[in-house]
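Each chain gets a letter, A, B, C and D, in the order it is written, and its residues are counted from 1.
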Amino acid sequence: MKETSIKELAKIELKNPIMIEGLPGLGLVGKIATRYLIKQLKARKFAYLYSPHFPYFVLVNKKGSVRLLRGTFYFWKNEKGENDLILFTGDSQAQTIEGQYEISNVILDFAQRNNVKLIVTIGGYRVEAKDKPKVIAAATNSILLDRAIKAEALTSPMGSPIVGTAGLILGLAPFRKMDALCLLGETRGYLPDPKAAKSVLEVLLKFLNINVDLSGLNDEIAKAENMVARLQKIEEKRALQAEEIRKEEDKKITYIS
Amino acid sequence: MKETSIKELAKIELKNPIMIEGLPGLGLVGKIATRYLIKQLKARKFAYLYSPHFPYFVLVNKKGSVRLLRGTFYFWKNEKGENDLILFTGDSQAQTIEGQYEISNVILDFAQRNNVKLIVTIGGYRVEAKDKPKVIAAATNSILLDRAIKAEALTSPMGSPIVGTAGLILGLAPFRKMDALCLLGETRGYLPDPKAAKSVLEVLLKFLNINVDLSGLNDEIAKAENMVARLQKIEEKRALQAEEIRKEEDKKITYIS
Amino acid sequence: MKETSIKELAKIELKNPIMIEGLPGLGLVGKIATRYLIKQLKARKFAYLYSPHFPYFVLVNKKGSVRLLRGTFYFWKNEKGENDLILFTGDSQAQTIEGQYEISNVILDFAQRNNVKLIVTIGGYRVEAKDKPKVIAAATNSILLDRAIKAEALTSPMGSPIVGTAGLILGLAPFRKMDALCLLGETRGYLPDPKAAKSVLEVLLKFLNINVDLSGLNDEIAKAENMVARLQKIEEKRALQAEEIRKEEDKKITYIS
Amino acid sequence: MKETSIKELAKIELKNPIMIEGLPGLGLVGKIATRYLIKQLKARKFAYLYSPHFPYFVLVNKKGSVRLLRGTFYFWKNEKGENDLILFTGDSQAQTIEGQYEISNVILDFAQRNNVKLIVTIGGYRVEAKDKPKVIAAATNSILLDRAIKAEALTSPMGSPIVGTAGLILGLAPFRKMDALCLLGETRGYLPDPKAAKSVLEVLLKFLNINVDLSGLNDEIAKAENMVARLQKIEEKRALQAEEIRKEEDKKITYIS
């Protein structure tokens, strides 16, 4: 493993496969959503992606064994539909500018070899307040975008950047005559955000016309909201204290001068 | 797209073409000037430049479609003159040192294939005060520089650096027996500066002996000046407040000690 | 020397060699442990590793001579046992992400050419308090890990990262059908930590079934503990002073307002 | 110019040439010394070194012409002695780690093609106080070092790093069976230091057995010392003011509490 490369575990014949991509990013939206799908669909591993552009550490697995950072490709045979799925997620995005392009290109190489015609990338979109996180869509063509909007996504405001692999795949796909759609869940971004992931999955499942029970995410959402509430209380307390100190200081200045 | 590369949309026969280059930089002078020329001359796209050294995000276009960061080459057929034009602008400069050299070299490759003998690069030059921004010129030979001075540019003070693509193209052009001229508009640099862009265009048009109506920039200039005035007021207010706090503090120290 | 490369000083025939790797890292644990072994075993140099990814300075040796930063491979003929040893240590880790992968791969190339089937990497593991530093193990297979645990290592908590060459070698070894074990000594990490190195060596020697007198490290350990004690006193004094200043400030605020 | 490369202006036959290298670094010692030698010896340009690892700007020459950053090789025919000289200086060191190694290797390539058997590199060595700056030497062999010590250089303390091209050339020269000596003038390093450069030149000229009048540096030294004196006064004034403010603050705290 000296260059970004794919290690195939098995050769699988897939029927008109669509690829779903979700690497760690804002609010971990892409990774949470993709992992949940993999688990619920009981999708199975069939290839790894390794790269010297990932961070230079290894992770300890259960039982003290160790592995390189990597991306993993899973497949799912869709018994009732037209399209099988390839699902891709991983430990990290590339750490260098050129690595970002290189990894996106290697993902697309693999997609091409598996006759993928459409890739859906998933990520987060930073916004401050949010009740029910919206899902923003961008695509390599307008038919695809219209399908996403019918699945209740909104179009992205013009000029917005889409950072990292989720974006670059859309930029690079047309060079290979492939289509790609990007779904971004609104998130504050600094904590894992399963609520945004759920919103994205609702749109994605409608778009793909697949049924997956999303209630399994509700526990994670409740935990994440507790965490946010606790952090907000701490923040408010700090703000109050700062305010009181400021007032004391004001008095001091007024009395003396 | 794995290396910096050109994607040609059409093969165009051009007559003694001169290339104008203006990427984003100080005050966006190069980009504003080049874009304005493209619009006024109704120049037409004929090639894109892509690079893994651009920042690793994509941009959402109108209608939710998406594209890689890129540079774009436009051409203009000069019905009345000797020289057709190739105009080059783009979304970004390279993000790595080697990328800066690589992109400049690929621009020069393309220029060479199109029989360009002269390139004019446009950028900004940081100065504090400015009423009517001056235009500073540097060139690969003295005849070219003299022509620029006749078009009312000033020579650059010796030893000044010219940073980025606008500069590197001048440094690299002689290796290919090409000439290059750089025109830099004076700008404070931290805000888009259409006034500096207009000054550069006045010199450039005289230099090229082309007529283009520049009054279309006046609106943008007025808006930019309003913005600057508003920012200055805020700045002055802040300075006043800081001064008053300082005086209060002075009194306090004097009274107590 | 334009790429990471090995310069062999001698061709040595080794019997079922195991490689021990210990580069500088947290608490210098890997380097201190490996160097101590080399000295006690009177192991002998037989190859250098050079790389443009090491920092760009040279070191002055005794007598004013100079050398590039490098890694050094030593060998030890085990007269009583089944496995000879190759020991590797050096001046620095790679300074770039890609360099980290490249250097780990070149070490593995060299190991492979010498028929190494097992590599043990040594490093530090950051923890705050520690009396007798524990030794954490991770491995490419469970048999190896069990052997380490019998030698009184503990398994690493799941999900821990192992940063740098000590980790990457474990990640990369399976691609070459090689086994690797990593032993990490607990250390606060900001000072050279011979105590952690000694703990690691105790486990390593048991694991390898080799006898080496470790008492030679006791002097270094005493010196290091003196240093830590002195630094702690300075730190406490500073904390006390800061506390007193804070109290004075508190009084001031209370009296005035 | 897409890789680090040499552009030869003329093919010169040189007699047992010794190369002197002095790029910008601490106190600009290497560059000041080498440039002074070039001027006094009336050495003549015969090659340029270009590199995409230099910073990505160009410099405006007199008359508004422009050039890439580069290094320049000069030669000097020694009518009275055994060794001609090649002198190398330039605008900048490499900006990347790999670039540092690459440029040093390209300099050595050029030296080898010109039958250079010995290179002397010049730089600065950071120390705080200095009256008459000492000159520290390091070398690839002890005979060379002894010759430098006879020319009144001192040996470098063991373990000191020599950063950048001046050091890497010494590290890389033995790979090509070349000898190299490094002379470092003591300097505080943050301002151009012609005094340190003069000290180095005194040693170098004795070492080379060449006569060059060094009095031409005295003016520059006087100017530099004036500058340092002025900066010190400003610094002292600032320290005094800070002390007074501190005392006022102390009084305030004491009176109130």
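In this text, a residue touches a chain if its C-beta (ideal position, glycine included) is under 8 Å from a C-beta of that chain, and two chains touch if they have at least 3 such contacts.
The model shown is predicted, which means the values in this text are computed figures rather than measured ones.
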item: Same vs different contact residues, subunit A with subunit C, by half of numbers used; value: different
item: Chain whose mean Cα position lies farthest from subunit C; value: B
item: Chain centre separation in whole Å, for subunit D relative to subunit A (CA means); value: 51
item: Computed distance of Cα centres, subunit D from subunit B, in Å; value: 36
item: Multi-partner residues of subunit B (at least 2 other chains); value: 256
item: All pairs of touching chains, each written as two labels joined by a dash; value: A-B, A-C, B-D, C-D
item: Residues of subunit D touching subunit B in the complex; value: 1-2, 52-53, 55-69, 95-96, 99, 248, 251-252, 255-256
item: Subunit C-facing residues of subunit D, complex; value: 94, 97-98, 100-102, 105, 137-142, 145, 155-164, 167-168, 170-172, 175, 180, 182, 253, 256-257
